[in-house]
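Note that the chains take the letters A, B, C and D in the order they are written out, and that residue 1 is the start of every chain.
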C-alpha cells in the first residue's frame, strides 16, 4: 500500500469527527461576516411588503423538526411582518408534524410582536391544521375549505371563527406564502392555487430545493424564494430583526470550507495515486 | 355560458393532442408495432456488473428505496425499477450471480418476490434460488444499518440503485463505493441524481430510468407512452424556437398561448 | 426544572444516541432508532385518527351520511393486511390514485407544460436569453427516446447533457450546504449554554459505555471503514 | 369471470372515471351537482390518505410485534418500538392536544428525526474525500459547479473568492434553470403519460396487480 493509498484509506470516523468540530466550533464561537442579500430573498421580502394592508393571505407551514431551524426564524419574522401590516393570516399544513411546528412558529412570532400590534387567534390569524392527501389535499382545500376541515388545529369549529366567515376558497386570498421546507411541495402551490385561482405566490424551501424551483421564479409563476437558513437570515436582516438564523448561516462557513478542501484533496490524491488504480 | 372556462382552451387542446398521440402509439403497439427506443448503454452495464460479481464470487445488491406505489409520483419510477429488476434477475440467474433485493414495503415485496421467482424459473435455475434469502422485507427504520452491515460482511461486488431515491442515496452509495462495488445508479428524484452520477460507475438520469425499464422489458405500454410523450416534447421545442424567433423579430405568440 | 429545559436536555440525549451510529452500529443507536420509529408511528397514528374522526366520523354523527362511504372505503383499505382480501383495498386506492392523477394532469399541462414554454419564449437578443432557450430546448430533447443516437440529434443530446449536468451540479452544492444546515440546526439546541453541560456529560457517558463495550468486545468494532 | 370484474375491472374503471371527472371539471363549466360531487370526492381522498398513513403504522407495529412473539433476531429492540408506539398512540388518541403527548413528540421524536435526517451530512463529507471524483467529464462538470455554488452559499466563500458570487448566481439562474426547465416540461408530459396508462388500465401496479409479460430475450 503506497502512502497515497494509506492517506485515502483514512478511517471514516476521523472525517466525521473533523466535520463535527467544524460545525460545532462556530456555534460556540460565533463570528458574523458580512454577506450579500440574494435577489430571490429580496424579491420575496418585497412581495410580502407589497401585500395591501388589511387583506387576507394563506400560509402553508411545511416545516418539520429537521427543517424548522432553517425556515422557522424566517417564518416567525414574516408573521410579525404581516401582522404589523394588519394582514389576516390563514395557516394550514399538509403534514402532521409540520402542523405542530406551525403552531410553534406562530407562538414564537406572537412573543416577538411589538406592542400595539394585534395577534388574536380567530381574528388576526387562524391555523386550519393538518390537510392530508398531498397535492390532492391541496386541491381539495383550495376549492372548498369547509369540505376538508370542520374545525381548526385547536378544535374550534370553523363556524365560530370570525376570520373564516367570508373565506372558503383560494381565490379569497390576496397572496400565498408557501413555507414548504423540504417537502418538495412548492409545485403543489403553483399547480393547484396559482394556476387555477391566479393568487400570487412566494415561498420558502430548504437550500437543496432552490435550483428545482428557479424555472417557476423566472417564469413569474412565483415571486422570489427564501432558500434555507441563509434565506431566513436575509429576511431577518431585511426586517431589521437579526436573530437565530444569522448565527446558523455563519456556522456553515467552516463545514463548507472543510468539505471543499476534502473534495479537492481527495481528487488530487486520486490523480497522483494513478487514475483507475488507487482506491477503487 | 361559455363552452370552455376562459383561459384554458389552449391547455385543453394541448392535453388532447398529447394524450391522443399516446393513445395512438399504444394502439399501434398492441397491433404489433412497438416504437423503437434508443438503446441505452446501461443495458450492457447491467450484465457487466453481474459478470464482475460472478468472477469475484460475491453478491450483487438491487436496491429500490421508496416503493409506495399508491403515490402517483412514485408509481412510474417503481414500475421501471420492477421492469429492470426482472431483467437483472434473469441475467443474474443466467450468469449465476448471487443476488439480494431488500424491499421496504409489503406490496412491493410481494411483487418483487414474484418477479425474481419468475426470472429464475425462466432461466431454468429455479433450484438455485433461495427466495426468502434473496428478496427480503425490511421495513423503514430496520433497513439502513442492516443493509450497510451486510454490504461489508458480504463484500458485495455489484450494486444497482434504481427507483425513487431519497436521502438514503448518499449513505448507501458511499458505503458501496468503499466496499469496492461496481454500481449502476438511476433515479428521477432530482436532489439525488447528482450523488448517483458522481459516486456510481454508471448512471442513468431522470426519465432515462423509464426508458431503460421499457427497453429491457420490451413493454409495449411504457414504450408507446414514451413515444407519445416525445410528440409533446417536439411540440414544446417547436413552440419555443419559433416563438423566440418571432419575438426577436417583434411578433409575440404569448397571448395566443394563454388563451 | 421546567418542562421546556427538560425537553431540551432529553432532546440532546436522544440526539447523541442517534449520532452514535456514526461510530458504528451499536446498542444505543439501535435503541434510539426503534424508539424514534415507535413514537413517530404513534404520533402519525394519533394525528391521522384525529383527522378521520373530525372529518369523517363527526359529520356522519351530525347527519351527513355521505361520509359513511368514506368510512367504508377506509375500512376496505385495511383488507391489505390479509392477502385473500387484498382486492378489497383496490377500491379506496382507485379513488386516491384517480383523483391524484386527474388533479395533477389538469393543472400540470397549464402550469408546467404551457407555463414553462411561455416563459422560455424570449427575444434572442442577449447571451442570457440565448442560454435559456438553447438550454431548455436541448435539455428537453435529451429525453427524447425515439430518436436514435446519430446525425444532428447526437449534438443536441450532448448539449442537453451539459445543461442537465450543470443543473445537477447546482443541486449538488446546494444539497451539501443543506445537509450541514441540518446538523447545525440540531447542534444549536444541543449546545445552548443552559444545556451544554448536560450534553457534554452525556457524551462522556456514551463514550465510556461504548469504549467499555468495544474494549471487552461486547460490541463489534467495525474496522477498515 | 365475474370475480375478475369485481376484483380488477371495476377498480380500474373507477380510477378512470374519478380522474376524468377531475379533469373535465377544470376545463368545462359544470352544473353544481358535478362540482359538489367532486368536492365530496376530494374530501374522501384526504380521509383515505389519512387512513393509509394509519395502516402504514399498523403494518410496522405488526412486524415488530411478530418479531417479539417469535423472538426473532434482536427482538428486544422491537419491544422498544412497540412500547413507544402504544404509549404515544394511546395518549394521542385519548386527546391529540394532550400536553404529555406533544412533549414526547417535540422532545423525543423531533430531535432524533432531525439527527437521523442530518446523518447524511457526515456521509457526504466522507464521500467528498474518498469517492466524489472527477472520473470523467460529466463528473468534472458536476464537481466544479457544485464547488462554485457551495462557495457562493457560505458567507465566507464570497470573501475568499469574490467571483463565485456572480458566477454562482448566473449558473443557478441560467444554465441550471434551463436544465431544470427542460426536466419540468418532460415531467409534466410524464404525468400525462402515466395518467393515460393508468386510466386505460394498462398499468395496474398501484392496485397491487402485476401484468404477466413474457420476459425479454
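Note that contacts are C-beta pairs under 8 Å (C-beta built on N, C-alpha and C of every residue); 3 or more make two chains touch, one makes a residue touch a chain.
None of these values were measured; they are calculated from a predicted model.
**Student:** Comparing centres built from CA atoms, which chain ends up most distant from subunit A?
**Tutor:** With centres defined by C-alpha atoms, farthest from subunit A sits B.
**Student:** If you tally contacts for every chain pair, which pair is highest?
**Tutor:** That would be the chain pair C-D.
**Student:** Using CA atom averages as chain centres, what separation in Å is found between subunit B and subunit D?
**Tutor:** 16
**Student:** Just the number, please: Cα centre separation of subunit A and subunit D in whole Å.
**Tutor:** Here subunit A and subunit D have centroids separated by 18 Å.
**Student:** How big is the gap, in whole Å, between where the Cα atoms of subunit A centre and where those of subunit B centre?
**Tutor:** That gives a centre separation of 30 Å.
**Student:** Could you list the positions in subunit D whose residues touch two or more of the other chains?
**Tutor:** 23, 26-27, 40, 42-43, 45-50, 52-53, 59-60, 105-106, 109-111, 113-114, 117-122, 124, 126, 130-133, 138, 142-143, 146-147, 150, 153-154, 172-173, 176-177, 180-181, 183-187, 189, 191-192, 194-195, 198, 206, 208
**Student:** Specify, in ascending order, the residues of subunit B that touch 2 or more different other chains.
**Tutor:** 8, 11, 15, 18, 70-72, 75, 106-107, 110, 140-141, 177-178, 190-191, 194-195, 197-198, 206-207, 226, 232-233, 236
**Student:** Two or more other chains touching the same residue: where does that happen in subunit C?
**Tutor:** 21-22, 30, 33-34, 36-37, 43-44, 47-48, 51, 55, 80, 93, 96-97, 99-101, 103-113, 116-120, 132-133, 136-137, 140-141, 143, 164-165, 167-172, 174-177, 179-180, 182-183, 185-186, 189, 225
**Student:** If every chain is a node and each touching pair gets an edge, what shape is that graph: line, ring, star, complete or other?
**Tutor:** Contact map by chain: complete.
**Student:** Which part of subunit C faces subunit D closely enough to touch in the complex?
**Tutor:** Those residues of subunit C that touch subunit D are 3, 6-8, 10-12, 14-15, 17-19, 21-22, 30-52, 55-56, 66-67, 69-71, 73-74, 77-78, 80-81, 86-87, 89-109, 111-113, 116-117, 119-120, 128, 131-143, 160-177, 179-180, 182-183, 185-186, 189.
**Student:** Please output the residues of subunit B touching subunit C within their complex, sorted ascending.
**Tutor:** On the subunit B side, the touching residues are 8, 10-11, 14-15, 18, 35-38, 70-72, 75, 106-107, 110, 140-141, 145, 148-149, 152, 178, 190-191, 193-195, 197-198, 205-208, 211, 226-227, 230, 232-234, 236-237, 239-241, 243-245, 247-248, 252-254, 257-258.
**Student:** In the complex, go through subunit A and note every residue touching subunit B.
**Tutor:** Contact set of subunit A toward subunit B: 12, 134, 208-209, 212, 280.
**Student:** Per the contact definition, I'd like the list of subunit B residues that touch subunit A in the complex.
**Tutor:** Interface residues on subunit B, with respect to subunit A: 71, 177-178, 180, 190-191.
**Student:** Show which residues of subunit D lie in contact with subunit C when the two form their complex.
**Tutor:** 6-8, 10-12, 14-23, 25-27, 40-62, 64, 74, 77-78, 80-93, 96, 101, 103-122, 124, 138, 141-150, 152-154, 168, 170-189, 191-192, 194-195, 198-199, 206-209
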